[in-house]
Amino acid sequence: MSEQTQTPKAVGRTREEMAKRLAQDIPNGSYVNLGIGIPELVTKFVPDGHTLIYHTENGLLGMGPSPEEGEGDLELINAGKRQVTANPGAAFFHHADSFSMIRGGHIDLCVLGAMQVSKGGDLANWSTGKPGAIPAVGGAMDLVAGVKSVFVITQHCTKHGDPKLVEKCTFPLTGVGVISRVYTDLAVIDITAQGFRLIELSPGVDFEYVQDRTGAELLPIINP
Amino acid sequence: MINKQISSASQAVKDVFDGATIMIGGFGEAGSPIELIHALIDQGAKDLTVASNNTGSGEVGLAALLKAERVSKIICSFPRTANSTVFPDLYNNGKIELELVPQGTLAERIRAGGAGIPAFFTPAAVGTPLAEGKETRSFNGQDYLMEHGLVADFAFIKGRTGDTHGNIVYNKTARNFGPIMAMAAKVAIVQVNEVVEPGEIDPEVVVTPGIFVNRVVEVASPVFESELVAAGVSYP
Amino acid sequence: MSEQTQTPKAVGRTREEMAKRLAQDIPNGSYVNLGIGIPELVTKFVPDGHTLIYHTENGLLGMGPSPEEGEGDLELINAGKRQVTANPGAAFFHHADSFSMIRGGHIDLCVLGAMQVSKGGDLANWSTGKPGAIPAVGGAMDLVAGVKSVFVITQHCTKHGDPKLVEKCTFPLTGVGVISRVYTDLAVIDITAQGFRLIELSPGVDFEYVQDRTGAELLPIINP
Amino acid sequence: MINKQISSASQAVKDVFDGATIMIGGFGEAGSPIELIHALIDQGAKDLTVASNNTGSGEVGLAALLKAERVSKIICSFPRTANSTVFPDLYNNGKIELELVPQGTLAERIRAGGAGIPAFFTPAAVGTPLAEGKETRSFNGQDYLMEHGLVADFAFIKGRTGDTHGNIVYNKTARNFGPIMAMAAKVAIVQVNEVVEPGEIDPEVVVTPGIFVNRVVEVASPVFESELVAAGVSYP
C-alpha cells in the first residue's frame, strides 16, 4: 500500500484502527451517513450494544451489510453503487426526501474522506481542480452543509507526504467551516475557533511528529 | 437497541414547555391527535404557538386547548370551523393572535422547514391581502411571494401503525400534515393505533421514516372529535 | 331559497342546470378539483362515457361519492370535511404533495364559488373584509394560482340583487387574473383580454337582461 | 375510461423532439429505464438536454445515448462513473456541455419544478466553485444559495408496478429520482415490470400518483446495465 511507504505500519493507526477509534465516539442510536472508502469500515467496529441506523443518500434508511452471494438485488445498492441489504425497520424513499433528511439536519453524523481540511473546518474532497479531470460532486456538498456533525477520516498526509490538514485549502472546496473533527492515522484533532486542537495522539506518536506533518499550527491537548 | 415507544400520552408530552411552538396534525378531525392534545391540556404548558390547519370543533381536542387559553398564537389556514365558538370568541376578544396562511403555503412552509430550505417562492396569494409585507419577485414574467420555512419545537401527529424505530403509516386522508410536521419538529410525537416491531412495516410502504420521529405512543382506540362533540363532551 | 326570490325559477338555470351545463365542458379524463357548494353538484352531471378523476386537497386523488350509511370512515373525508370514498385507482398523499399537484399545474380544472369576479379575472371568494369576521382562506389561493383552468360557478347576483361580475372587486382578493370562465344562472361568460365576453345565454334570458345584472360591460357572443 | 398504457417503448417515446429536455431516472443502474433509452436511440431525436444523476456505464443505456452524440448538454451530479469512457471522451473533446449540480440540489430543483416553486434557497455549495454566479442570501445568520426549479419536456422512469391510471410503485433503491422527475416533466413515461388494473395497487402505498404520469409501458423483464456491460454488449 502506498500509504505504508509514507507511514510505516509501526507508526500510527491502520485504516481499521482509525475506523475503530472513530466508532467509539458515535453515540448509540445515531443516524449516520458514511462516505465511500475508509468511512465504510466504521460499521465493523460499532461497540457491542450500540445500534446505529445507516442512511444512504440514494434512498434507504436502515441499510444493512452486503448480501450473501447470489442473494442481492441489483436495485438495492448504496451511494457507492454496491449491493447492500435492508435491516428490519428500514425505509425506502425518493431523492428529495433523502436530501431533506440531510439538508434538514436530521442525520446526526456523517463520516467522509478528505483531500484537504483547513484549520477553519473547510473541506476539499471532490476535485483536484486539474484541467482534464471530470468534475463530479455527488452528495458531498449537501452532506457537509446539512448533517449535524461531520467527521473526516483520512491519512494524515497524501501519498506524496504532503499535509492534508492545512492553513487554507488549495483544492476546490466542498464546504466552508463544516468539519468538526478529523481522525487520521496519527491523531484525533478537533476543529475549534482557535484552529486545529489535538484531542488524542495515536499510540507511538508524539506531538512534534504530528505537528511536523500538519500544515498549520496544532494546539496541544487541553487537560491531557 | 432503539425503542422510541413511550408508555403513555402524558409521558410523551411531559416536557412541552411554556412558550413552545407545536405543530398539530389533522385536517378537521381526520388525523387529529386528540389524546396527545388532551394530555397536553392536563400537563399545563401555556403561551404556546400552534400551527394547525383548523382550530378544532366543540370543546374537545384542539378547541379545548384553545378554550383553556394555553395558546397565544395560531398559524392556520382555515380557523372558521363548524360547531366551534371557541376560536371566534377568543379572536374577537383579542385573546389569541392569528397568522393566516394559505393551506398550500402552510404545507410547503412546513415541508421547507423540515427539509432545511429557509425560504422559497410561491404564486399563491400574490396580489391579495395575505401578500402584505411580503417580498415579491418575478420569475419568467410571473410574480411570486417569498415565504419562509416553518419549524417547531414539537409536533403532535396521529398515525395508524408505527414501529419502535418510529416508522409510521397513516389511515387514508388522516395522513394530511403528519409526514411534513414530523420533518419540521425538533421532537415529533406520534400516537398510533398499534405499535409493532421493526420489520413488520414493509420498507416500501413506510410513509414517515423513523428518522423524523422521536416518540411513538400506542392509543389503541382513539376517540373522534365529531363523536365527542355529538355526545356533548367538553374536555377536561 | 333566497336566490329564487331574486331570480325567479322561470328565469335562467337552477343550480343543478348550471352544474350540468358546466359538466359538458370538462374534457374526458381531466383531473378536477371541485370547491364546496354548487361546484360539488358537477359530479352528478358528467356525460356518459366520460371519466373525471377528482382531487381533494386534503390528500386524495380518485375521490368517489359519499359512502353508504354506516360504511364511511371518519378519516376518509373531502376538503369540505364530509365523508367520501376512494375509487379504484385512488391514491392518498400528504399535504405538501397534494399542493404540489395544485401549484405545479398538474390539476386540469378547478371549479369554485365566488363572491365577486372582475372583468380582469380577479376572484374574491374568501372574505367579506368586514370587521369581526373570522378570516379563513383554506386552499383557495393555492388553487387559483396553480390550477391550469379555474371556472367559477355562481348565481349571477347576490341575494340582495347586486352583481357578482364587476369592474373591480371590492372584497379582498383570492387571486389576480386567475378566472377563465364563469357559469351563472343567467349565462356562460369568458374572461378575455377585452373583459367579460358572453359565450351563451341561459334559456329564456336575453342579452340586455344579463347586461343589466352585470357590473361591467358584457361583450356580445362572437359568431353566435 | 382512462388508460395510460402504451403498447411498446418505441411507441412511448416516438414524439420526443430534437432539442427536448429529458429527465432520466436512476442512480447508477438502479432505476435506469434502459429500454426507454434504447428506444430513444432507435427513434433518433438529437440535440437533447438530459438531467440525470450519472452518465451511465459501458456502452449501453444512457452511456449509449451519449455515445450516439444525441445529447448536447447534461445536468448531472456525478458524471464520473466506473466502467465508462463515453462521457469523459465527449467532455474532454468539448462535445458535451456539463452543468454540475450537487445531488441534493439536483433533487430539490426537480422537486421544486414539479411543485410550482420557481426558486428556493439551499445551504449546499455555499463558498464553493459551484456557487459562482449564483445569488447568495443570508437567513438567520447563515448563507444560502438561490437555486431554480427544473422542469423537462419528458421524463423516462423505471417503476416496478403501474396501473392504467399511472399510479406507480418502485423497487427498493430504484425509486431514487423517479417520483420527482414524474412531477417535473410535461410528459412522464414510466416503464414497469407489470401493468395492472386500477384498484390493484393499494391507495395507501402508491408512491407516484397517476396525475404525474402520462404513459405506462410494460417491460416485463428489463435488462440491467451491469449485466449488459459484463456481457460486452454495445447498443445498438
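When the chains are written out, they are named A, B, C and D in that same order, and each has its own residue count from 1.
What we mean here is this: a residue touches a chain if its C-beta (ideal position, glycine included) is under 8 Å from a C-beta of that chain, and two chains touch if they have at least 3 such contacts.
Source: prediction; values computed, not measured.
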Chains contacting each of subunit A and subunit B, listed by label: D
Result of counting contacting C-beta pairs for C-D and A-D, higher pair: A-D
Identity of the chain that, by mean CA position, is farthest from subunit A: C
Computed distance of Cα centres, subunit D from subunit C, in Å: 37
CA centroid of subunit B to CA centroid of subunit C, Å: 29
Multi-chain contact sites of subunit A, meaning residues that touch two or more partners: 60, 86, 92-93, 96, 99, 102-103, 146
Residue list for subunit D, restricted to those that touch at least two other chains: 108, 111, 115-117, 122-123, 170, 172, 204
Pairs of chains satisfying the touch condition: A-B, A-D, B-C, B-D, C-D
Residues of subunit A defined as touching subunit B within the complex: 29, 31, 51, 53, 55, 60-62, 86-93, 96-97, 99-107, 146
Subunit C partner contacts - residues on subunit B that touch it in the complex: 27-31, 53, 77-80, 82, 87-88, 91-92, 98, 100-108, 110-111, 122-130, 170-180, 207, 224, 226-227
For the subunit D and subunit B complex, residues of the former touching the latter: 108, 112, 115-123, 137, 139-140, 142, 144, 148, 169-170, 172, 204-205
Complex interface listing, subunit D residues touching subunit C: 1-2, 111, 113-117, 163-165, 167, 183, 197-199, 203-204, 206, 209-212
Sites on subunit A touched by subunit D in the complex: 56-60, 73-77, 81, 86, 92-96, 98-99, 102-103, 122, 127, 129, 132, 134-142, 145-146, 172-176
